[in-house]
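Okay, so chain A shows up in both of these, paired with chain B first and chain C after.
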Partner chain A sequence: MKFYVNARYLIVPFMSLIAIAGILIGGSFAWVGVALFGLNTIIDTLTKNIHLPADFDETGESYGIKGFQYAVMFLMLPVFIVLQLVLAYRIFQYTSLTPIETAAFLGVSYEVGTSGFNLIGATLSSGLWAGLGIIYGHELSHNKKEGFLVSRLIMALSGASHFTYAHVYNHHLDLGHEDDAATAPRGRNIYAHAWLSHMGQSRFSYNLEEQRLSKRGSSALNFDNRWILGYLYSLPSIVLFVWAGGLVGVAALFTVWVVANFLLEALNFMGHYGLIRTEGPVEHRHSWDNDSVFTSWFFIEIGRQCDHHVRGETYFWELDDVEGPNYGIGYFSLFVLTLIPPLFRVYVQKHLDNWDEKYASRDEKVIAAQFS
Partner chain B sequence: MLNLFKPRSADFKVSLSDTETTFTVKRGESLLSSALSAGIKWPFKCKVGSCGSCKCQLIDGKIKAQLDFGYVLDMSEIQDGYILACQSILRSDIRVSVHLTK
Partner chain C sequence: MNTLKAILLMSIWTSILGAALYFFDAHAHYRNILWATVIGLTLLITHMVNMFIYFKVAGDKPYKWFDK
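== the complex of A and B ==
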C-alpha cells in the first residue's frame, strides 16, 4: 500500500523527463511534451467518474512518506532547470544555423540542429511542463523554510516568484473576496483572469514587502525586498536565453513564461470561479473540488481545494474528499472547456446554481443574486 | 531537506501561563495543531501564517519560526515575544500566554 500511495504521484516527474528526452532527441519528438498534454486530457476525461478517497491505515496514519515526497518535490527544481537548458540548447542550434542531421548517442539516434517548426514544439513543450511547476511551487509554499525557498525558485523559472507570497498572504486569507486577485468573479473569462490575477498577485506581493520593510524603517527599493529578489531569481533564465539565441531566445522564454503562467492562473480560475465569501472563516464551500482519479494523482491532490483551504497545513497526500462543491470532471477536461468561454459558462452555470442553492450562506446568496 | 537527517528529538511540553493547562507537542508538529489535537480552544483561522488569529506570547523556551512573522505581527509584538502558533515548531519546552476562545 505504501508503494502504491507514494508512487502514484510520480506521473509529472516521469512525464517531465519524457518531455526533456523528446527535446533532446529532437525532430518531431520535440512535440512529445505537447502530445503528452493531449494524452492526459483524454485519460482525465475517460476516468472522470473515478473518485478515490485518501488512504490511511487502521490507526488513521497516512501511507504517504514525507521524506520521499519532499525529496521528489525538491528534485523537481533541477528537473525544471534541465528543461530550460535543453530548450536553450535547441535555440542555440537554431540560431547558429547548425545543420540538421541525424547522429547517435549510446545507440539512441537523435537529431542535431532543429527546424523552426520543431523549435516551436520544443518551446510549447517546455512551457506546458514548466507550468506544471506550480503544483510543487504551491505545495512547498505551505511547507516551511527550505521548502519555501525551493517554491520561490521553481516559480522563478516561470517568472512568477511573487506567487509564493501572494498565495499564502493574499489568496488563503482573502479567498472569495474582491481583494483576492486569484478568485475569478462570475462572468470573467480565463484569458482576462490570467492577466488580472497575475498582475494583482504581483502588486499584492510588492505592497506586502513595502509594508514589511516600512515596519522596519527601510525603503522598498533595496535587495531585502523579496518581490524584487523574486524577479532577480528569474535573471539566470533571461541571461541563458539571450545568450542562446538573442531575440529568438527572448521570444522563446517569453512564450514559455506566458504558457506556464496561463496554466498557473487556469488552476486558480478553476479552483474558485464564481464562488463568494462574506465575513467569517474559509469553509469547504468556498472552493471547487476536482478530485477525479487522474487529476488527483497528476496534480498531487491540488484539486482537493475544499480541504486544502480549510487545512492549509496538511500535506497533499493527506487531503481528502470533504463533500464540497465539485465540478464532477478533472482539471484537464475542465481546462479545455475554460478555453472556450461561452462553453465554460454554459457548463458551469448549473454548478453555480447548485452552489447558490445548497452551499451559499444568506449573505453570499445576496451577492450571488447581483451577478445573475 | 537537511532536517531529514537530523536526529529525532523528544516531544516537548507546553504550559499555558494563565491556567494549569499543559499539553505535548510531537516532533515536527506545529504548536497550533498540537493544541487543537489536545482539545484546547486555541484561536485560529487560516492555519498558514497569514491571518494572525493564532498569535500568542512566548514567555519561556525556544521555537523555530516556519515563516517570517514580520508580515503579520508588528515589530513591537515580535520584540515582546509574540509568535504565530501555526508556524511555530518547538525546540524546547515552552510557556506561552494566549487568549483562548470561549
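== the complex of A and C ==
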C-alpha cells in the first residue's frame, strides 16, 4: 500500500523525463511532450468518474512518506533546469545551422541538428512541462523552510518567482475577493485572467516588498527587495537562451514562459472561477474541487482545493474529499473547455447556480446577483 | 483605458530597448558570454520596468469586480 500511495504521484517526474528524452532524440520526437499532454487529456476524460479518497492506515496515519515526496519535489528543480538546457542545446544547433543527420549514442539513434518545425515542438514541449511542473513550485511554497527557496527557484525558471509570496500571502488570505488577483470573477475568460492574475500577483509581491522596505527606511530599489531578487533568479535562464540563439533563443524562452504561466493561471482559474467570499475564514465552499483519479495523481492532489485552502500546510498526500463544490471532471478536460470561453460559460453555469443555491451565504448571494 | 495606456507605454519602452540593443549590434555578438550576460540583464530590466509601468499606470481598476 505504501509503495502504491507514493509511486502514484510520480507521473509528472516520469513524463517530464520522457519529454526531455524526446527533445534530446530530436526529429519528430521533439513533439513528444505535446503528444503526452494530449494523451493525458484523453486519460483524464476517460477516468473522470473515478474518485478515490486519501489513503490512511487503520490508525489514521497517512501512507505518504514525507522524505520521499520532498526528495522528489526537490529533485524536480534540476529536472526543470535540464529541460531548459536541452531546449537551449537544440536552439544552439538551429542557430548554428548544424546539418540535420542521424547519429547514435549507446545504441540509441538521435538526430543531430533540428528543423524549425521540430524546434517549435521542442519549445512547446518545454513550455507545457515547465507549466505542469509548477505544481511543485506551488506545493513547496507552503513550506516554511528550504522548500520555499526551491519553490522560488522552480518558479523563476518560468519568470514567476513572485508567485511564491503572492500565493501564500495574497491568494490564500484574500481568496474569493477582488483583492485576490488569482480569483477569477464570473464572466472573465481564461485569456484575460492569465494576464490579470499574473500581473496582479507580481504587483502584490512588489507592493509587499515596497511596504516592508519602507518600514525599514530603505528604498524599494534594493537587492533586499525580494521582488527584484525573484526576477534576478530568472537571469541565468535568460542569459542561457540569449547565448544559445540570440533573438530565436529569446523568442523560445518567451514562449516557454507564456505557456508555463498560462497553465499556472489556468489552474487558478479552474480552482476558484466565479466563487465569492465576503468575510470570515476561508471555507470549503470557496473553492472548486477537481479530484478525479488522474487529476489527483498527476497534479499531486492540487485539485483538492477545498481541503487545501482550509488546511494550507497539510501535505498533499493527506488532502481528502471534503464534499465541497466539485465540477465533476478533471483538470485536463476542464482546461480544454476553458480554452473556448462561450463553451466554458455554458458548462459552468449549472455549477454556479448550484453553488449559489446550496453553498453561498446571504451576503455572497447578493454579490452573485450583481454579476447576473 | 488605463490598461491600454500602460500597454502602449510598455510597448514604447520595449521598442526603445530593442532598438538600443540593435544599434549596439547585440544580434552579432550574443555568442560572446559577456555580451550574452549584458543582453540578458538588459532584457530582464526591460521586463521588470514593464511590470512596474503596468502596476503604476493601470492601477487597481482592472482588478475591481464592479464599477463603483
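Following the convention adopted for this analysis, the second predicted complex is superposed on the first by the 372 of 372 C-alpha atoms of A that agree within 3 Å, B and C clash if a C-alpha of one lies under 4 Å from a C-alpha of the other, contacts with A are read in each partner's own complex, and residues count from 1 in each chain.
Methods note: a contact is a pair of C-beta atoms (placed from the backbone, for glycine too) under 8 Å apart; a residue touches a chain by one contact, two chains touch by 3 or more.
This is a predicted model, so every value here is computed, not measured.
J.: Once chain A from each complex is brought into register, does chain C clash with chain B or fit beside it?
T.: Verdict on chain A: chain B and chain C fit.
J.: Quick one: classify A:R203 as touching chain B (first), chain C (second), both or neither.
T.: second
J.: For A:K215, select first, second, both or neither according to whether it touches chain B, chain C, the two together, or no partner.
T.: In the superposed model, A:K215 contacts chain B only, not chain C.
J.: Looking at the overlay, what does A:G67 touch: chain B (first), chain C (second), both, or neither?
T.: The first partner, chain B, only.
J.: Can A:G246 be said to touch chain B (first), chain C (second), both, or neither?
T.: second
J.: So, A:I228: does it touch chain B (first), chain C (second), both, or neither?
T.: After superposition on chain A, A:I228 lies in contact with chain C alone.
J.: Just to be sure I read the superposition right, which of the two partners does A:I238 touch: chain B = first, chain C = second, or both, or neither?
T.: second
J.: Is A:S372 touching anything from chain B or chain C once the two structures are fitted on A? First, second, both or neither.
T.: Neither chain B nor chain C is touched by A:S372.
J.: Mind computing the angle chain B to chain A to chain C from the CA centres, in steps of 10 degrees?
T.: Given the fit on chain A C-alpha atoms, the answer is 100 degrees.
J.: Once the two structures sit on chain A together, report how near the CA atoms of chain B get to those of chain C, whole Å.
T.: Between chain B and chain C, the minimum C-alpha distance equals 20 Å.
J.: Kindly list the residues of chain A that each of chain B and chain C touches, one partner per complex.
T.: Dual-contact residues (chain A): none.
J.: Would you pull the chain A residues touching chain B in the complex into a rising list?
T.: By the definition above, chain A touches chain B via 67, 70-71, 74, 142, 144-146, 148, 165, 168-170, 172-173, 208, 211-212, 215-216, 281-282, 311-313.
J.: Mind pulling up the chain B residues that touch chain A in the complex?
T.: Per the touch definition, chain B meets chain A at residues 1-4, 30, 32-33, 45-51, 66-68, 70-72, 74-75, 86-87.
J.: Within the complex, which stretch of chain A touches chain C?
T.: These residues of chain A touch chain C: 159, 178-179, 181, 185, 196, 199-200, 202-203, 206-207, 228, 231-232, 234-235, 238-239, 242-243, 245-247, 249-250, 367, 370-371.
J.: Sort out for me which residues of chain C touch chain A in the complex.
T.: Listed in rising order, the residues are 26-27, 30-31, 33, 36-37, 39-41, 43-44, 47-48, 51-52, 54-55, 58, 62-66.
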